[in-house]
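The following pair of complexes shares a single chain, chain A, combined with chain B in the former and chain C in the latter.
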Partner chain A sequence: MSSLAGYEPLFELALLNMVLAFSQYIPLRAGVFSLGSAAFAAVGAYAAAILATRYGVPPVVCVVIAVVAGGIFGALAAVPLARLRGVFQALATLALVQIVLSTALNWTALTDGALGINSIPKAVHLTEAAIAVVFVGYVLHVIGLSAIGRGFDIIREDETVAVSLGYSVRKHHMIAFVLSGAIAGLGGAMHAFSSYSITPNEFGFHMVVMLLAMVVLGGRVSVFGPVVGAIILTGLPELLRGFQDYRSVVQGALLMASITFLPSGVVDTTRGWLRRRALTRGQAGADAAEVTS
Partner chain B sequence: MLAQQLLNGVVVGSVYGLFALGFTLLFGVNHIMNMAHGAVFMWGAFAGLFAATMLDLPFIAALAIGALAGGLLSVLLDWVAFRPLRKRKAPEFSAIVSSIGANLILLSLAQQMTATRVMRFPFDTFPIRIYEVFGLRVQLLQLVIIGIVILMVVGLVWYLQRTSAGRQIRTVAYSESTSRLLGINPFSVNFQVFFLSGALAGVAGVLIGLVFNSVHFMMGEPLLLRAFVVIILGGLGSIPGALVAGLLIGIVQVLTVSYLSAGLADVVVFSLLFLVLLARPTGLFGSVHGGAARVARQ
Partner chain C sequence: MSMLALQGVGRDFGGLPAVDSLNMSAERGRITGLIGPNGAGKTTVVNMIAGLLKLSRGQVLLDGEDVSTREAQELSRMGIARTFQNIRLVRDASVRDNVLAGFHLHEKTSTLANLLGLPSAFRERRALLARTDELLDRFGMTAMADWPAGSLSYGHQRRIEMMRALATEPRLLLLDEPVAGMNDAEAYKLAAIFREVADDGVAILLIEHNMRFVRRLCDHVCVLASGRLIAEGDAESVINDPRVIESYLGS
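Moving on, here comes the complex of A and B:
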């Protein structure tokens, strides 16, 4: 176990990345082209960090407030964003990330600008992070099985069919944005309580790319998609320690290769393959049974 | 003072327009959002810089080499990042993801190559001459930039509207299946569109590198983000829209920096994008057809 203990920060990072990846996963599952999770995470992280360092609010309360703040911010952003589609939605959410980033950089009275907020108490360890992942994963799994999840899947596959079946696209897009905001708020707050300090630039384009890569690589339908994606992309830099300089090259190549050759992600491709195999096996078994009888 | 700032805004804005033009051309014809367009711009600036420093070439040759490098890189990008997806008829989303990956690779390679340094054009690349016109200080470089942008835009419009190759490009933009029925070679059209788009970015790169006298691996990112605003304002796929909106954004940015604060420029520019999307989801000049925009169906 002692050799594993050295990797504790890495496991913690992987778990926190999973929470953020969940926030990117929900809109993509619903066919919402959102790249805004980094903005929601920034709102949650700053809300929690400011409350904890300036007003001495206990961490649990901070996290709850961050979740609510993220959700409300998601709902407000969804009012204009749910009207848009495709690339327009992607660009508008990117603009949102940029606006939040600039605000965090320039509203120094609230956020201390580029210095960020320091000496945040360390309240999140491996256990808390694991609880958060299991909780969010379970909630998303249950939502995925409900009518809302079916709505998400149909809207993602074909919006026209969804409308003809009476699903309100706007309502489902709203739900996706609120969930994405709340989960990112949670992820951001936990990140703040785990890393002692936050700076605006952590929530920029780099985070957008990282979260997108996790979900694309892992898969957009199964809840395990973002989990696997987060594990791969958090672990990869450790494996490539010798090639520190070319980490981004590998990450970029991985992103291109996975969208080109494995468009539905590791988990969803594997599940599809297993299901097909089970079906053909079942078919073969049935055939065999017919012959013998 | 105001007139001076307006002039500066027009110069910067016309280069934004040039950059956004290539971006919007790709979207108009191929429905691709090329997130690596900023990296093409940056490599174009690098190529121009190397031509000016290592080969000691004059300004015009550096500009041409920047255009050539941008064009070729853009074609390469098509072959590696976009064509496999097009073959599979993958959704728009895939092209965005794939080009984000390509962008990461191109940026990181540039960073390795330059060791994160900021480089400059040699002092004598472009003669510094300043004229006084009605109390305005006008640099020769500014006049040349406006001239080059006008020349390139007129050239592009002529190519698209008056030549056979341009007609083919417009046919593909209108409907790819119709163009196939007419016997148009999609390979050649894609080559031209990507080359033109990259060449425009390369020229813009060399010009921006000269105006701000700095060339570095991150120079494309802010421009790409501005280009999003420009093309949304101007309507995706609209050439006049990209130019007008480019000028507008350039002026708004320069005025915000000089009258409010430098930090607010981004907030103002991106809030503008948000407001426009709220009021007109297809952009100011965009039509539902032209931008292939799927407006909300309720």
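Moving on, here comes the complex of A and C:
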């Protein structure tokens, strides 16, 4: 166990990344090209950090408030952004990240600017992070099975078909934004309570790309997609320690290769393959039975 | 009153009329055929009725109500369902899940119940799955229920489109070339199902190229050429109409 204990911070990071990846997963599943998760995470992280350090609010209450704040921010962002599509939506949500980032940098009275907020109590450890992942994962799994998940799937695949079956695209996209905001709010707050300090730059372009890569690499239909994506992209830098300066190059190349050869992501591709194999075997069994009977 | 009536309907593309001054109707309990050579504007007509294309002129009446400016989603709620000529399914999802998606209009549980995974949402899912299985059985596709929709043949994919459209329990069903790519035996099996659906009081508008199929199935046939109605009536007389023969074979 002692050898594993050294990796505890890494496991904790992976779990917290999973929560943030869930926030990126929901809009992609619903066919929303939102890159706003980093902005929502910043809102949650700053809300929690400010309440905890300035007003001494207990961490649990801070986290709940961060979830609500993230959700509300997501809903507000959805009003102008949900009607956009594709590249335009990606750019507009990226602009939202930029707005939140510069607010965090320049509203020094509230956020202490580039210095960030320090001496946040350490309230999130491996256990709390694991509970959050299981909780969010379960909620998303249930939603995925429900009528809302069906709506997400058909809207993502073909909006024209969705409206001709009576689905409200606007309603489903709004739900996706609110969920994305609330989950990112949770992830941001937990990140703040795990890392003692937060600075604006953590919620910038690097996080946007990382979260997007996790979901694209893992898969955007199954709930396990973002989980696997977060494990790979959190663990990879550790495995590539020996490469030192070339680490980003290797990581980027692996990402390009996996997107080229597994466009549906590791989990969805594997699941599809397993399902086909099971069906083919069942079919072969049935055919054999027919021949012998 | 007709379930569907088009009055002076027209649609221009780049200033050129694709459909012009079209008057036609579809009655409940009947199968109305809409035929015509390639490029006659048949799919344009279906897209206008379903609300996917705006009309340039004229009116669409559904059961007497003017629905010309309604959005596709509203029209679907009002009881218009359709299939697509170029098959549009969730290819990676199973046949069953594709059909299940058609029951959206019959979902009664609230969004909140679905978000929280309340028992009522799961009960409803089970009930809708049972209805999905009935449809699969009716179309003889129970054995393929778990296969990804995209892995099946065209004929089977068309059947999924039809099941999904029927799942909405429409008043007016628009079928855009439902038996393209099927052999006669398969097509006639489907014809029997269309007849049953019509007998339940649904108005069916069927776009088709296969003349034998139209002749056998349709109660009333409208012929479109270059966006205009050139003939209508019962299948036999329309098919023997010299103008129709000319439009198909050229003069």
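The rule we apply is simple: the second predicted complex is superposed on the first by the 293 of 293 C-alpha atoms of A that agree within 3 Å, B and C clash if a C-alpha of one lies under 4 Å from a C-alpha of the other, contacts with A are read in each partner's own complex, and residues count from 1 in each chain.
What we mean here is this: contacts are C-beta pairs under 8 Å (C-beta built on N, C-alpha and C of every residue); 3 or more make two chains touch, one makes a residue touch a chain.
In this text the structure is predicted, and so the values were computed from the model without any measurement.
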item	value
Room on chain A for both chain B and chain C (clash or fit)	fit
Which of chain B and chain C A:S264 touches, first, second, both or neither	second
Chain B or chain C, by number of chain A residues touched	B
Touched partner set for A:L115, first chain B, second chain C, both or neither	neither
Touched partner set for A:F205, first chain B, second chain C, both or neither	first
Which of chain B and chain C A:I154 touches, first, second, both or neither	second
Partner chain in contact with A:T103 - chain B first, chain C second, else both or neither	first
Which superposed partner A:V163 touches (first chain B, second chain C, both, neither)	both
Touching partner for A:I131 - first (chain B), second (chain C), both, neither	neither
First, second, both or neither for A:A284, with chain B first and chain C second	neither
Superposition-derived minimum Cα distance between chain C and chain B (Å)	7
Chain B/chain C common contact set on chain A	160, 163, 168-169
Footprint of chain A on chain B - complex, ascending	27, 33, 80-81, 84-85, 88, 90, 92-94, 96-98, 100-105, 107-109, 111-112, 221, 225, 228-229, 232, 236, 261, 263-264, 266-267, 270-271, 273-274, 277-278, 281-282, 293-298
Chain C residues within the chain A interface of the complex	50, 52, 71-73, 76-77, 81-82, 84, 88-93, 97, 100-102, 104-105, 107, 109, 111, 114-117, 121, 124-125, 146-148, 151, 164, 168
Parts of chain A lying in touch with chain C, wherever the complex brings them together	139, 142-143, 145-148, 150-151, 153-154, 157-158, 160-161, 163-169, 171, 175, 221, 264, 268, 272, 275-276, 279
Complex contacts: residues of chain A adjacent to chain B	33, 80, 82-88, 90-92, 94-96, 98-99, 101-103, 105-106, 159-160, 163, 168-170, 205, 209, 212-213, 216, 245-249, 251-256, 259-260, 263
